[in-house]
Each structure stands twice: as structure tokens, then as C-alpha cells.
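Paired with chain B in one complex and with chain C in the other, chain A is shared by the two complexes that follow.
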Partner chain A sequence: MPEVLAVDQYTPRLVRVTITWVLTALVLFPVLAILGLLMRTLQAGYMAAVPPEWFYAVMTLHGLGMVGLWFVAGMAGISVLLARYVRPTIAVSWIAFGATLAGVLLLVAATLVGRLGVGWYFLYPLPFHSGGTWPGWATAFLFAALAIMGVGWTLWAGDLLWAIARRYRLTDALGWQYLRGGGTPEVPPIVIIATVSFIGVLAGLVAAVVVLALVAAEQMTTGFTNDALLIKNLTFYFGHMLVNITMYFGVAMVYEVMPAYTGRPWKSNALVAASWNLVLLLVMFAYLHHLYMDFAQPQWLQVTGQLASYLISVPAAIVTIFSTLMLVHGSDMKWKLPSLMLYLGVMGWAIGGVAAVIDSTVMVNSRFHNTLWVPAHFHTYYVMGVVLMILGTVFHLAGELSKISESAASTRAIVSTVAVGGYGFLLMFYLAGVAGVPRRYASYPAEAAQGIVYAKLSLLFIALLLVGALVYIWETGRRCVRSLA
Partner chain B sequence: MVSTPFGVFVTSALIIIAVFAAVAFSTRRPGSLDYGKANRLRLLALGVLGAILVTFFVLTLPHLPYAAAAEVQTPDHIVHAVGKQYAWSLTERSGPTIETWDKDFSPTVTVPAGAPVEFRVTTLDVNHGFSLYAPDGHLMAQTQAMPGYVNRLRVTFDQPGTYTVLCLEFCGMSHHRMRGVVEVR
Partner chain C sequence: MRTLARLIGALALLVCTSVAYAADRTLPPDEDRFLNVPLPNIPLTTAAGERTDVAGVSGGHPLLLALVFTRCAGVCSPFLFSWRAADRWVPQREPVARLVLSFDPRDTTDDMAEFARHLGVSHDRSWTFGVAAPDDVRRLADAVGFWYDWDPSRQQFDHPAMLAAARHGRVIRLFVGTAIPSARLDELTREAAGEFVASYPLPGRSTFRCVQYDPRTGRVSLDWGSALLLVPVVAIVLTTGVMFRRARRVRPFYRLPSSSS
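Presenting the complex of A and B:
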């Protein structure tokens, strides 16, 4: 087994910063979820007096907030698990925390005060064409928030990668020794996945920097206009990468935490190494499926997008998902809240993956692109996938630190409400997507009237989901507070 | 057409749920893991997944929506679809510019049934999504409208009727109200 670092004076400092991240996430999560509930309420035709610009401002905050929230929660979770093997710099985590808080405040001001409504990927040149809805300062706040968070997250990912590189050679951290037929130095799977993920984060953030630089250049010079197709490629490369890497953080947690419940070790080998190196390559190209409906994009890139999107499902299914099942099958499994959430999270990842692969088929995308099928599949990835993986891991860690034992009644309540509420909520999205109901509509026209029915039904499921989330937050929150004490 | 992917999705999701449930139930009788058997099963899973992906790839690739635009022969009917916050202008003559928008804007165009029509789609401001909804409400076809580019979408309307153009790329506060009409006679 890879050598685990001893508990020393570093540990309580790490615990403090991690719990600060977790408590912040536990506050932001229900607030952002309620914004989602508000959106579905408006789409259901209730509160008709609310003007559409409020819907789009809330949509922007909900989207940017959730994508950012689960990314930083994933980073914080990975940091604490990685600290068994390497020593990230705690001050850098605090800097990232400060940058994230500053970014959140700017985004809240831009959306809820300035009514900025650009969507979470703020597709160029929409931020500069408000049509009188939001003022120029709101756009400036958006880009300032992105720049500040971008710097903080780059430092954070860079420091984590550096911490890995201080203990392992980069090629070893990527598991190439296994590909060469060797087995030393032994590297835990979480280190391989984290290395792949941090390289991905940095590669994605480079694209974000280029977008910001190009947009700034257009604003500050005359006679220079950006190429909309280039900016779109860069934007989706960055956005898709960030979302995928968040997913990989969750998966890395499954590799690290699940063995504590199955009683079976999950070791690195040539298969694990090959699969994650393949993921690092393919994730660079999978984003192309976001541009299928841009017919000006060269056709070979569209075919590459479908090929990469299909291929990237293979390592996920055959290595990680299959190995999870293998690890659990016939084991002396301890079915506790963390293991249930991790297991259900892997299942949600598999189901969301099927929906994603279907939509990454160009022929199908002609019917599903920008319908509610799209939020259906990414909410499956998030709500029933990575969010469960992260929250399961957080509960595992909070339970270990606080020594508060688990209540079977709470576990049953959380798992049943989240499973029924979550999949019911998602099914409404899927059915509406199949019916061609557009995504991102403040209200539905006659052609998409079915959307109203699905939105109404989804409210019941979201309420159920929120009940489960609140029970979880209460249970985890008190464990975190006890741990701090 | 959309019922097929949905059927594939629901079937796959049910299989996944059944497999996860079966594996979870297997922990009631703990035992040792036969790695050799598990890895043979993994190879089988790889073969099945590979076969499914290759089949879908080969079957769907000939149906790329771009093939029509690459054909040498241009259809007799060309519609210039120009997006601008928050309306579609649809005309058979060349589309409006920012300067001529008020004068040349046309929310409706009439085309014949049974003949190919080429929509030349662009935008004067932000990204929009040009989508055609049939009279029964199903989404027929779509392409993006991007500043500085013209995307060509070819459609043959089999049935006469009133087809609606909606915007499928978020474009601002009245995105949901942005529409146009294609009358097919």
C-alpha cells in the first residue's frame, strides 16, 4: 500500500480550512437550489407578475453558482483526501476561499442588483448586448468575478499539482510506471485521478484566460471584432472541462472512500492508469459536441466530437463503474449514508452518461440541442452523480472527525427523499426534452405548452429533494461544528 | 424519431438500476471476489459496449445535418433568416442589415410543400438558435445563428401548414418571445 503521512500539526489546520469550505457549501447549496425551485415555479406559470429579466438573472446566478460551488467543494474534498499522501499549502486554500467569496459577492451583485442575465456560460457577445436590461457595471462585475476566481482556482490547482510533484514524479503520478509493466512506486488511484484533473483544470483555465483577453481587447480597441466561432469553441472547451473535472473529483473520492465500507482495497494498476490517461486526452475534444448545431464548424471537428464523446464513456464504464460494482459485489459492505451516497452517485453518473452519449450523437442532437434534455442530462450528472459523491464523502469525513454516530432514520429519510425527488425531478426534464420543450425559457409559448405541465409536476419532486437536502445539511452541519470545537 | 433515443435511454437506465440493485443485494451473502471471473466479465462488458457504440456511430454518421449544405445543387427556394434581439426576419430576398431592419424586417415567409428549402441563417447581434417547430409542436430541425457566419439548413416540408420559428440559444430577456413564421403551402 502507498505510505500514508502521519497526523501532525498540519492536520488541524487542514481540518479548519476544509470545514470552512464545507460549511460555506452547506449554506450556498440550499440557497442556490431554492433559486432553481423558483425558476421551475415561474416556468409552471405561477408568480406571473415576475418580469422575465428576473428569471434570467436568477438562472445565471443558479447556473454559475452551482457549477462554481461543486467545483470548489470537489477541490476542497480532494485536498483533504490527498493530504493522506501529499501536503498541499493550506494558505493557498485560504487564498482560493477568499477569491471565491469575492467572486460570489460580485456575481450576486451583478445578477440580483444589476439583473445580469447571460446564462452560466455567458456566450459572447451577449454580455455586451443587454438590450437595456442590465447596466455596464454588471458585465464588468461578471468578468471581474471570473478573473478573481480564475486566479484563485489556478493557484489552488497549481499548488495541489505541485504538492503531488514534490512526492511523485509527474509520470509516476500519472501512473505511467504501471503502463510500462512495473508497479513501483505505488501510487493510489486518487493521486492519478487528481493529477489528470488538475492538468485538466489548468488547461481549461488557459482557455478562459484567452477568452477574457480577447474580450478585453475588443472592448479596449477599435476596429477589432472577435470571431464568434472561436470564442464559442474556447468557452465550451473551458466550461465542459470544468464540469467534467468536477465529476472526476467526485469519482476520485469514490476510489478513496469506498474501500473503507467494502473492506476491499482499490489499488492502481495498468487498467486504472490507462483509463485515466485516456480520459485526459479525450476530455480535450469531447467539448466539441456543444457546437454540433454550428454548421460553420468544420465537419471533421463535428465527427471528432461524436467520436471523442463516445470513446470517453468506455474508460468510465469499463474501468470505474465496473470496478465499483466489482468492489461491492459479494463484499461485507457496510451500508451507511456515505457508502449509499457514493454508490448511488456512481449509478447516477452511469445513467447521466447514457443520456449524454445519446445527445452527443449529431443526428439526435438536431432534435435535442438546447431542449430540456440538456439540463436533464447534466442535472443527472450533478444532482444524482457528483453531488452525491461529494456529500457522501463530506459526511464520511465529518463523521470520522466528530465521532457522532449515524442515525438510521435520518439515513433512510435522506436516501429515499433524494432518490425519489431527484429522479422524479429529472424525469420531468427528460420528458419535456423529448417533447422538444426549449431550455432557458422564462415562460412557455403555445408550441411548448407541455413544458408548463412538466414544470408543475417537477415542483413536487424538487420539494421532496429539498427535504432530503435539509436533513442532510442538518446532520452534516452539526458534525462539522462539533469537529471544529 | 425522438422516441428511439428516449427508448434507448429508458431501457439503458432500467438495466443500470437493475444491475446496481442486484450487486447491492449480493452483499447480503458476503464472499470472496473471484478476480479472474470478474475480469472476464469486464472484457465481455467492453465487447458489448464497444459493439453498441460502433453500431450507433456507423448507423448515425450518414445522417449528419451538414451533408445537405455540401450538395452542389442549390434549391430553388432560399430563405434568409436573420436574428436580432428579439425577432426573426424571414425573407426570400436578401435579409435586412442593422440599418435596414425597420424597413426590411419580415416575420413571415411562405414556401412550397414538397420542395427543398435552404435557410441561410445569421444574426445581427448575439448568438441565436434557429429552430423549426411543426404545426403539431414537434421540433423538426435547427441550426445556430452566429455573428459573422451564415449557417445553411436544408429542410423539405412534407405537409402544408404553419410552422413556427423559435429561438433555441439564450439571447436575453425576451429570448422566449423571439419567433417567426414559415407558411408552407
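Presenting the complex of A and C:
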């Protein structure tokens, strides 16, 4: 077994910052989810008096907020789990927390006051061509928020990688000793996945820095114009990386927490090491599938995007999914709320992953691009995938710290409402996507009237999902508060 | 006093409106605002005296439309000649209807017939010259973003030179300019026929471009901007390498005994 560090005075300080992150996430999660509910309400044809620019402002806050929220929740979860093996700097986590709060405030002002409606990917040059819908300061706030959060997250990811570096050699942290046929030093899977993830995060954040530098150069100088295709490549390199890595955080949590319920250890081996090293290589190119519609992109890059998108599903998803099944099969499995959420999360990751691979096929993408199939697949591996993995881990940790025992009734209520509500909500997206209903429409014209029906039905499922989420938040929140006391 | 205030207010509004109106007239029509806009199917009379409408002229084929006036001392005639000249170089893939409509209420069918003869297309059935009711012409012009104002001092209309391409009765693309090159006309015709035609920016407009496109050869090649895509990878490889090397020197006690070498 990998050597585990002892509990010392470091631990309560780490718990405090982690619980602060968790409580913040538990407050933001339902707020951002209600913004999603509001979007589907508008698409269902209700609240017709609300102008469409509000839909896009809400869409921007919902998208950026959810991507950022689950990224930081994943980082916080990974930090606390990694602390069994390495010692991240707690002050850096607090700095990242402050930067995130400042960024969130700026984003809220830009969207809900300034009505900035650029979407989570703020695709250049849209932020600078508002057509009078949002003022210039809202665009400035957006980029300021990204810059502040970017600095905070870079420090955080850098510190976590530094913490790993202080204990392991790079080749060991990447598990190359297993590829060479050896087994020492023994490195837990979470360290391998975290190393891959933090390298990816930092690469993505460097791409964001390049975007910000290019945009600033254009705004502050004369005669310098940016290439929209270059900015789009860099933006999706950053955005796709951040979203993908958030999922890997969730998977790392499954590797670390699931054995507590199966009673079997989940050890690193050559397969785990090979798969995550391959992920590190392929994740650098998978973002290219976001640019299939950009005809100016050279064809060989489009082919690379499709190949990378296909291949990346093998090491990360297939290996993890089959390993999870093997871990659970025949074990003395304790089906508690955390293990159920982790298991459902892996299932959601698999389903969303298949839908993503379908959409990453060039021929299919030419039909599905910008239909509701796209939010269908990313909501699947987010809401029913990584979010469940993170929430399951948080409940596991909160339960361990608070010593409050789990209620079977609330577990049943949470799992059943989240599963039925979640998959019902997603099914409406998938069916609408197959019917060709476009995404990002504030209201549907006659040609896409089916979208109204699907949006109305989805409201019921979202309400059910929210009920489950609120029960979870209550149960977890009181455990977190008890842990602080 | 109140009346005076109202008068001043009305005058101010008029001035503002006039300024805004004049400002619009200095700009060419913005293609993005008119794409997919339905063309009003206005009735018209051809130079041959036949009464028909826009759909009748189109006959289900792609339609290229120009708005001109025969007494134009400026761009109308050179523009039509450039269209005619470019037309000879464009491969004919499928039938295309060409409609030249006058926006000058003084123009008659005879004037338009003379214009067609002057251009050398009076016997070409793919070309239709015609006139229509002023209000109808105004509706059609508004639909494609074309504007025209009478300038009494010059006794001429002020207007842009423009070609609109339509397919299935909807605007597909606009070309604005004093002369249309054959390459642009080819793109316009192909797009009106339903073919996807890529657009590309003018060369030299941005410093770091991902790719460069040569419109003469149709070749796409990587440009310096694509090197910026390597920055994240290079930066993180270097950072990670330096970080792990430095960490071993800073905190060697943190390593497990078996991992040291």
C-alpha cells in the first residue's frame, strides 16, 4: 500500500478550507440550477414578457458558473483526498477561494446587471460586438473575472502539482514504473490522475493567458486585429481542457473513495498508468472537435480531432468503467449514498461519453452541431456524471468528519429523485436534439415548435431533480457545519 | 412657451433623425442584416411589355438582382458592364435568372429595353430588364438593404452599386462595389445555386493567423498564428520539468526511500 501521511495539525486547517469550499458550492449549486430552470421555462414559452437578452445573460452565468463551480469543487475534493499522500499549501487554497469569489461577483455584475450574453465560451469577437445589448464595462468585467480566477486557479493547480513533486519524481507520479514492469514506488491512482490533470489544467490556463494577451493587445493598440480562428482554437483548448479535467477529478475521487465501500483496494498497475498517460497526450488534441464547422481549419486537424476524441474514450472511460464494474462485482459492496452516487456518476459518465463520441464524429456533427444534442451530452456527463462523483465524495468526507450516520430514507429520496429527475431532464434534451431543435434559442420559432413541448416536459423533471438536490444539500450541509464545530 | 418647447423638441428630433438617416446612407448595406430575408414578390413589367412578378422572372432558378436607373451618370452603366463582362467567365452550372429593375419612376419599359440593348443582352432570355410601381420597388429595395435618394442639385439619385443573390425567394448573399470581379460573381452564383461557398478575410488584416488561404489556388496553409497553439504545450512541458527537478532539491525528505535514485 502507498505510504499514507499521518494526521497532524495540518489536517484541521485543511478541513476548514475544504468545508468553506463545499459550503460555497452547496449555496451556488441550487442558484445556478435555478437559472437553468429559468432558461427552460423561457424556452417552454412561459414568461414571454422577459426579453431574449435576459435568456442569454442567464445562459452565460449558468454556463460559466457551473463550469467554474464544479472545477473548483473538484479541485477542493482532490486537494483533501491528495492530502493523504502529499501536503498542498493551505494558504494557496484560500487565495484561490478569494480569487474565485471576486471572479463570481464580477461575473454576476456583468451578466445580471450588464446583461452580458456571450455564452460560457465568450467566443471572440462577440464580447466586443454587443449591438447595444450590453455595455463595454460588462465585457471588461468578464475578462477581469477570467483573469483573476485564472491567476488564482493557476496558483492552486501549480501548488498541488508542486506538492506532488515534493514527494514523487515526475516519472513515478505518472506511473512509468508500472509501464517498465516494476511496482515501486507504489503510487496510488489518485496521484497519477491528479498529476495528469494538473498538467492539463495548467496547459489550459496558459492558453487562456494567450487569449487574454491577444484580446488586450487588440483593445489597447491600434492596427492589431486578431484572427477569430486562432482565438477560437485557444478558447476551446482552454475551455475543453477545463471541463475534461473536471471530469478526471471526479474519476480520481472514484478511484480513491470507492474502495472504502467495496472493501477491495484499487491499486495502480500498468493499465491504469498507460491509460492516464495516453489521456495526457490525447487531451491536448481532443478539443479540435469543437471546430468541425470551421471550414478554414485544415482537414488534417479535423481528422486529428476525431481520432483524438475517439481514442481518448478508451483509456479514461473504458478502463475506469470496466475497472469500476470489476471492483464492485462480487465484492461485499456497501450501497450507501456516496457509493451509489459514485456508481451512478460512472454510469452517467459512460452514457454521456457515448453521446459525446457520437457527436464528435464529423458526419454526425454536421447534423447535430448546435442542436440540443450538445447540451444533452455535456449535461449527462456533468449532472449525472462528475457532479454525482463530487457530491458522493463530499458526502463521504462530511459523513466521516461529522460522524452523523446516514438515513436510509433520505438516501432513497435523493437517489430516486436525482436519477429520475436527472435522466428525464436529459431525455428531453436528447429527443429535442434528434428532432433537430437548435440550442441557444431564447424562444422557438414555428420551425422548431417541438422544442417547446420538450422544454415544458423538462420542467417537471428539473423540479424533481432540484428536490433531490435540496435534500442532499440539507443532509450534507448539516454534516459540514457539524464538522466545523 | 409650451408650444415653443415642443417646436424645439420636434426640430431636435428631426435633426437627430436626419443625422442618423444621413449616417446610414454613407455605409454600404450590411449583408449580415439581410441574409435569409424573403424577397417581396412584387409585380413588374418587363422591357418587352410582359406583366409578371419576381417569382415569374426567377422561374424557380437562382436569381441575381440589380437596381439601377437609366439616366444614371455615375455607376449604373459601368456596374452592369462589369457584371456582363464577369458573366462571360463564370461557368454556367445551372440556369440563373438575372433581373435588372429600375428604381427611377421616370424610367419606362422602352428606356429599360434600350439599356438592355446597350448592354448587349436584349436577346438573352436569362436577362430581364423591367420597371415596377415605386412603392413596390421601395419594398424590394428595403428587403435587400438597397437605398436611393434623389439629389436635386445634381439631378441624380444617390445610391450604391449592388448585386443581390436570392434562392427560393430569400436573400442568400449581397455584393456591394462599383465593379464585380468574375471570381466574386462565380461565388455569388454558386451560393445562389445552393452550393456552400467559404468566405475568407482579406489578407494582411491580422498579425497572427492560424491559416492563410490563397483564393487563386484555393490552397490553405499554416501561418505563424498556429505556432501560438503550441505555447501551452511547450510552456507546461518546461514548467513541469523544472518544477519536478527543483522540488527534488528543495524537499528531498518528502520522497519515499524507494523512489530516490
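We adopt the following convention: the second predicted complex is superposed on the first by the 483 of 485 C-alpha atoms of A that agree within 3 Å, B and C clash if a C-alpha of one lies under 4 Å from a C-alpha of the other, contacts with A are read in each partner's own complex, and residues count from 1 in each chain.
Heads up, the rule we're going with is that a residue touches a chain if its C-beta (ideal position, glycine included) is under 8 Å from a C-beta of that chain, and two chains touch if they have at least 3 such contacts.
The shown structure was predicted, so the numbers you read here are calculated from the model rather than taken from an experiment.
> Once both complexes are superposed via chain A, do chain B and chain C end up clashing or fitting?
clash
> Of the two partner chains, chain B (first) and chain C (second), which one does A:F295 touch, if any: first, second, both, or neither?
both
> Please work out whether A:M284 is in contact with chain B alone, chain C alone, both, or neither, and reply first, second, both or neither.
Touch partner of A:M284: chain C, not chain B.
> Touching A:L307 in the superposition: chain B (first), chain C (second), both, neither?
first
> Scan A:L470 for contacts with chain B and chain C and give back first, second, both or neither.
So A:L470 meets neither chain B nor chain C here.
> Which partner reaches more residues of chain A, chain B or chain C?
B
> Would you check which partner chain A:D227 touches, where first means chain B only, second means chain C only, and both and neither mean what they say?
both
> Looking at A:Y343 after the superposition, I want to know if it touches chain B, chain C, both of them or none. Which is it: first, second, both, neither?
first
> Using the superposition on chain A described above, determine whether A:V151 touches chain B (first), chain C (second), both, or neither.
Neither: A:V151 stays clear of chain B and chain C.
> Please identify the positions on chain A that touch both chain B and chain C, taking each partner from its own complex.
Chain A residues touching both partners: 225, 227, 229, 295-296.
> Within the complex, which stretch of chain A touches chain C?
3, 86-87, 158, 161-162, 165-170, 172-173, 184-185, 199, 202-204, 206-207, 210, 214, 224-227, 229-230, 233-234, 237, 284, 295-298
> Quick one: which bits of chain C touch chain A in the complex? Just the residue numbers, please.
By the definition above, chain C touches chain A via 196, 198, 200, 205-211, 213, 220, 222, 225-226, 228-229, 231-233, 235-236, 239-241, 243-244, 246-248, 250-251, 254-256, 258-259, 261.
> Along chain A, where are the residues that touch chain B in the complex?
51-53, 56, 117-119, 123, 125-126, 129-131, 133, 225, 227-229, 232, 264, 293-296, 299, 302-303, 306-307, 310-311, 313-314, 317-318, 322, 325-326, 328-333, 335, 343, 346-347, 350-351, 354-355, 357-358, 361-364, 366-371, 430, 434-436, 438, 440-445, 447-450
> Which residues of chain B touch chain A in the complex?
Those residues of chain B that touch chain A are 1-3, 5-6, 8-9, 12-13, 16-17, 19-20, 23-24, 26-27, 29-33, 38, 42, 45-46, 49-50, 53, 56-57, 60-61, 63-66, 69-70, 85-86, 125-127, 129, 131, 133, 137-139, 141-144, 146-153, 164, 166-177, 179.
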